[in-house]
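Look for chain A in each of the two complexes below; its partner is chain B in the first and chain C in the second.
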Partner chain A sequence: MSITISSKPTSIVHKKKRVNARNIQYFLLLLPPLVFFIVAMIIPLIMGIYNSFTDWDGISLEKNWIGFTNYIEIFKDEMFIESFKFTGLFMIFNTIIQNVAAFFFAVMLDSSIKAKNFYRTIIFAPVLLSPILVGQIWTKMYGTILPSINDLFALSINFNLFSSPNTVLTGLLVANNWQWIGYWMLIYLAGLQAVPKDIYEACTVDGGNWWQKFIHITIPMLGPSITICTIGIATGSLKVYELIVASTGGGPGDSSKSTIMHIYDTAFMSQQSSYASAMSVVFLLVLLIFAFIQLKVLRKREVEL
Partner chain B sequence: MKKGFKWVHLIMIISIIGSLLVACSSSSSGTSKDGKVTLKVLDWNNTNTKETEKMIKETVEKELPNVKLEFEYINWDTDFSSVMQTRIAGKQLPDIIMIKGGDHPKYTEHLMDLSTEEFMSEFPEDIRKALQIDGKDYAVPYTSNFQGVFYNKRIFTENNIEIPKTWDELMAVAETLKSKGITPFTSHFKDYQIGNSFNQFATIEVYSKNPTWGNDLQKGKVSFATSPEFKTVFEHFEEIYKYSNKDPFGLDFTGAAEMFAKEETAMWIIGTWSTAQVLKNNPDLEIGFFPTPATDEKNTKIIMQPDHTFSASATTKHPKEVKQVLEVFATNKDMAKKYIDIVQTESLIPDVVSAVQAPYVEDINNYKSIGAADANLGNVQIPWPYQEQSGNYIAEWLLGNKTLDKALKASDDFKSKVKFSTK
Partner chain C sequence: MSKKYTKGTFLIQSIVSVIVIFYLLPFLVVFLYAFKSPQEIIGSSPFSLPEKLELVNFTQAFEALNFFQSFGNTFFITASAVLLLILLSGMAAYSIVRGGNKFFNGTYMFFIAGIMIPYQVIFVPMFVLGSNLGFINNLFGVIFLYVGTSLPFAIFVMAGFMKTIPKEIEEAAFIDGCSIMRTFWIIVLPMLKPVAAALTIILSLQIWNDYLLPQLFLSDNSMKTLTVMQSTLFSAFETNFNVGFAGIILSSLPILILFLFMQKHFVKGITMGSGK
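For the complex of A and B:
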């Protein structure tokens, strides 16, 4: 007993010294990214928050402090509210469709069907494209490729989903899900493959059928994957920009203008930089609250091995 | 031994960080080793850019052997203001900037005052005046575009259609064409056309009566909702929409040019920048031109806009060379002529006339001699984002998501959400 006590302090001192020497190295290695992070993220963030309390137009050499005027204005801005509604709907549908579809494909392709590598590649391929390209592909698809089917079979189905405010959301959801399902499928696949096979065997021995296995083993074991996917899809959808710019440009009218797009247009087209900064701050707070709630709710449901 | 190894580690890490930081300091425009000065040019022209760039570089570098030009291209209607804003904020404004006539008031603080330069006296007083701000010159005028109705000559002759002089006559023409199974108008409401036509219609219907309407709007003296003239402007869109190709909200400029070139439609309300794209698709197309008809015949005028102009950054490191290049732009008539022939537009340099022989060029010259309306009258007072946003409200009205009165009211409400360039 006494030997162990006396030997401990020396080992701790020794360890501390070594850790300190290492620390300098690690710190130095971390320094460049840290500097970039501070210069590219933290400083602009603080500047943005400061600007949101001024009347700066983005170009002019003078700035005046105007307090909370911009923030009060946001809640009277119909366009901001409309764009927020659009972004919200886009996020809700994406989260549901992508989660369910990715989960479905993952379970399908984790089974022993034929040519599963082929299907995995096909479903994953669109992930590699840039959203700009996806926007253009689907513009062509709705605009010229699908309507030519109409001509071929003498039909009159309205394929151009991007040219009416009533269908533009559906059109964008199709394009966005087509691109991203493969990515989230991959995460679910990795999750599925990490589930120990002996749990399933135990369930079989206990007389459980495939449905019971799915509900009581697969879904709880995939808890962490569900958390990652849900948060990833939701935040990704809230930040949607390139896809819309490359496909509808926010139109027809303002019907597919996302919040980020509205902020961008306000800052760089209408030259209301400080007002756009205020909107960004509000949007950031919403995102943070949202991510926090999601994390709290989803973490509760996860099981640990 | 072990200690030495640690030092090697540290030195390696420091050298990595050092090299990263060195890589950060990129070289911007400046003097290179061979004594040549590289000047950056921001250019938004999008017609035959490869040819114009080659031609300008050759001419300028021949006249000024110590200068090298470096071009950067952007899209005017989607990117120009954001690029300018970020460059100004980052203090990285290119040395020479192509600015669209009408955009200057927004950027005067950051542009070089050219009023005292000798080469500015080359230009007639009225052209200089059109671009001056508080009596000072900030740009070398270069080209102008013309806006109005481009039409298919063959369709018009075959159907014995006379050129309409009023809006009602235009609608009668549209009705005749429609009854014969021909689509009257090419409409590409997916991109900027509503915004552009907005200014065209407003120029002939509103600003012809009240040239300071935009300033009055800013001061609260007039409004969209209470202006019968602006109601007419909005209603014009409803009529155009009625006589347009299928699905105009799904069609963009390129698609529209193709449609007009393939003779699927008879007319296109646009500007001279479209003809090069149309003729690329169908070089044999006979395009005619007439001014956009106003409700009242006396306001039916060809609409002219000073278009490409060249300005200099106020903070350039090479003011002498920049001024020399601008002088070449202002005085080299040979280059100006080549430029308008490639871009297929009209020059603002005195005595430079286009060699392009096309029916629409003749038509434009005829109408121009009668007198033109200046598009920038409206563009300066109601900035482009405002025009575009009003265009969005018009779109929502046409698609049944707003009433006409709501669309007009929404245009009024947008007033506080946009920065005006005039005071």
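For the complex of A and C:
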């Protein structure tokens, strides 16, 4: 260090050479991760986009360029539109329920109640399970276990939420929220713990009650956490697949088929690989546009607050 | 907020207790049913205690899951992928942050764009490419794909941490004639421990519980993972579904034990992973 300071002119030349030699070494370190990333994600992405303009079935050698035919087909495909509607509804309800519940759970667990750690552990525990297990647990809950409570107490509550197209969304929302609220709650809890305590004290001195503190301090200070959770929940819900595979299987009928599930079936059951790729491209575009808008809107809100 | 235990606090305590009881119900059912005999399913209340601890369900689930094999596969895939991910994301983050010129910044943006693309959206061409590369029924192929698809997120977290590490120690090593590779191995990598611990947990959780990739690529019985084996357990044991519940306990037990021992790291991993 001392050399570079004392002899400026020569050291700059030296430094430049050294930097170039260093950059090659840095690049060599960067190369292996780049290979993994490009092979696993970028090449499939490009292949998917290319295939979406062909009529390839995924197996045969025949592959013809058909332009936008697949894309035009998508907008006539009722199953795609239905699955997209279902996925959209699933996402909207999830985003609202999970955000609000996680937020309030976090606020409640940040108060001075006892046994906080115990509560937190229990609410977080479902996060550890695979969505496959969660789907199986709730299928049995709705189908066998909760109905037997009816028998015991001679009640007639309709617990069998997966058996009707009208209630299947509710059933899946309960299962999905049971699993994930604890995850987002942790992020809100971390956000709450980062709020400086003296702001609350200042508010108390100025005669503010708990409600004013909540509205004017807690919510604005959690702005960044709200952004993270909203985007995380929304994108997580859009790619729902495993939970549904293990519970309703897309049924009854096709009433709970998610977009990813429809893409899977199209590619591997009905052997329309190129068409499935086109659907993936459309779905990816929707996902990106959506994430972009959310980021813009939520970041803007953060600044305003 | 306030330190005293007031009426308000008691109200909150009651609300949270009710919520937690709702949360516990499914767990309770899983545990009770896993120990009940098939005869006890019918007739008795779902919340009654099992008459005696029935371990037959577990031995049956153990066999049906092909437990040692599928556990071994899941463990091998998860451990290898996570180890590689830590190493590779550390390498990338180090060169991106320290390289610091336009090329490295551009590469960083290239990686980060990958966070926006969930692998569930590109799995169709991924399967096509994978089958050409011989990834079908190949544990290493699945590991490769997990590493490649999770790298953007891992690099994002690593680079964020890397920026907080002071340069001085490395500079001292350079002056002593240490190459960049050596500096990375000997000096930088050990300093990444906290972020590596957090990443290990969050990535293990994701890969351990994943279903779509192994389901697509590993169809050979000796290659199947726990989630794939578990997914058919309830349909295989339709009448004595207690076996399915025992299977749920068996296949989630390892991650639950890990959680109990490393709870603090889990919390840290998730808040770090959320990208703040």
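The working rule: the second predicted complex is superposed on the first by the 272 of 305 C-alpha atoms of A that agree within 3 Å, B and C clash if a C-alpha of one lies under 4 Å from a C-alpha of the other, contacts with A are read in each partner's own complex, and residues count from 1 in each chain.
Criterion: a contact is a pair of C-beta atoms (placed from the backbone, for glycine too) under 8 Å apart; a residue touches a chain by one contact, two chains touch by 3 or more.
Owing to the predicted nature of the structure, the values given are computational and were not obtained by experimental measurement.
A.B. asks: Is A:L128 contacted by the first partner chain B, the second partner chain C, both or neither?
C.D. replies: In the superposed model, A:L128 contacts chain C only, not chain B.
A.B. asks: If we overlay the two complexes on their shared chain A, which of chain B and chain C does A:L29 touch? Say first, second, both or neither.
C.D. replies: A:L29: touches chain B and chain C.
A.B. asks: So, does A:L45 touch the first partner chain B, the second partner chain C, both, or neither?
C.D. replies: A:L45: touches chain C, not chain B.
A.B. asks: Which holds for A:D57: it touches chain B only (first), chain C only (second), both, or neither?
C.D. replies: first
A.B. asks: Determine, under the contact definition given at the top, whether A:S280 touches first (chain B), second (chain C), both, or neither.
C.D. replies: Second partner only.
A.B. asks: Have a look at where A:I244 lands relative to chain B and chain C in the superposition and call it first, second, both or neither.
C.D. replies: neither
A.B. asks: Considering only touches as defined above, state whether A:L152 meets chain B (first), chain C (second), both or neither.
C.D. replies: second
A.B. asks: After superposition on the shared chain, which partner residues are touched by A:I260: those of chain B (first), chain C (second), both, or neither?
C.D. replies: Touch partner of A:I260: chain C, not chain B.
A.B. asks: Have a look at where A:A106 lands relative to chain B and chain C in the superposition and call it first, second, both or neither.
C.D. replies: neither
A.B. asks: More residues of chain A are touched by which partner: chain B or chain C?
C.D. replies: Partner touching more chain A residues in the overlay: C.
A.B. asks: Pick out the shared contact residues on chain A: the ones touching chain B in one complex and chain C in the other.
C.D. replies: Common to the two interfaces on chain A: residues 25, 28-29, 32, 58, 264, 267, 273.
A.B. asks: Applying the document's contact rule, which stretches of chain B touch chain A when the two form their complex?
C.D. replies: Touch list, chain B to chain A: 6, 9-10, 13-14, 16-17, 20-21, 81-82, 84-86, 88-89, 106-107, 109-110, 189-191, 247-251, 255, 384-386, 388-389, 392-393, 395-396, 399, 401, 410, 413, 416-419.
A.B. asks: Spell out the residues on chain A that touch chain B in their complex, using ranges where they run on.
C.D. replies: 21, 24-25, 28-29, 31-32, 57-61, 73, 77-79, 142-143, 160, 162-165, 248-255, 264-273, 275
A.B. asks: Which stretch or stretches of chain C touch chain A in the complex?
C.D. replies: 1-5, 8-9, 12-13, 15-16, 19-20, 23-27, 29-30, 33, 41, 45-46, 88-89, 91-92, 94-96, 98-99, 101, 103-104, 107, 111, 114, 116-129, 133, 144-145, 147-149, 151-152, 155, 171, 175, 179-181, 184, 205, 208-212, 227, 230-231, 233-234, 241, 244-245, 248, 251-252, 255-256, 259, 263, 266-267, 270-271, 274-276
A.B. asks: Okay, in this complex, where on chain A does chain C touch?
C.D. replies: 1, 22-23, 25-30, 32-34, 36-41, 43-45, 47-48, 51, 58, 105, 108-114, 118-119, 121-133, 136-141, 144-146, 148-149, 152, 178, 183, 186-187, 190, 200, 210, 213, 224-225, 228, 232, 235, 239, 241-242, 245-246, 260, 263-264, 267, 273, 276-277, 280, 283-284, 287-288, 291
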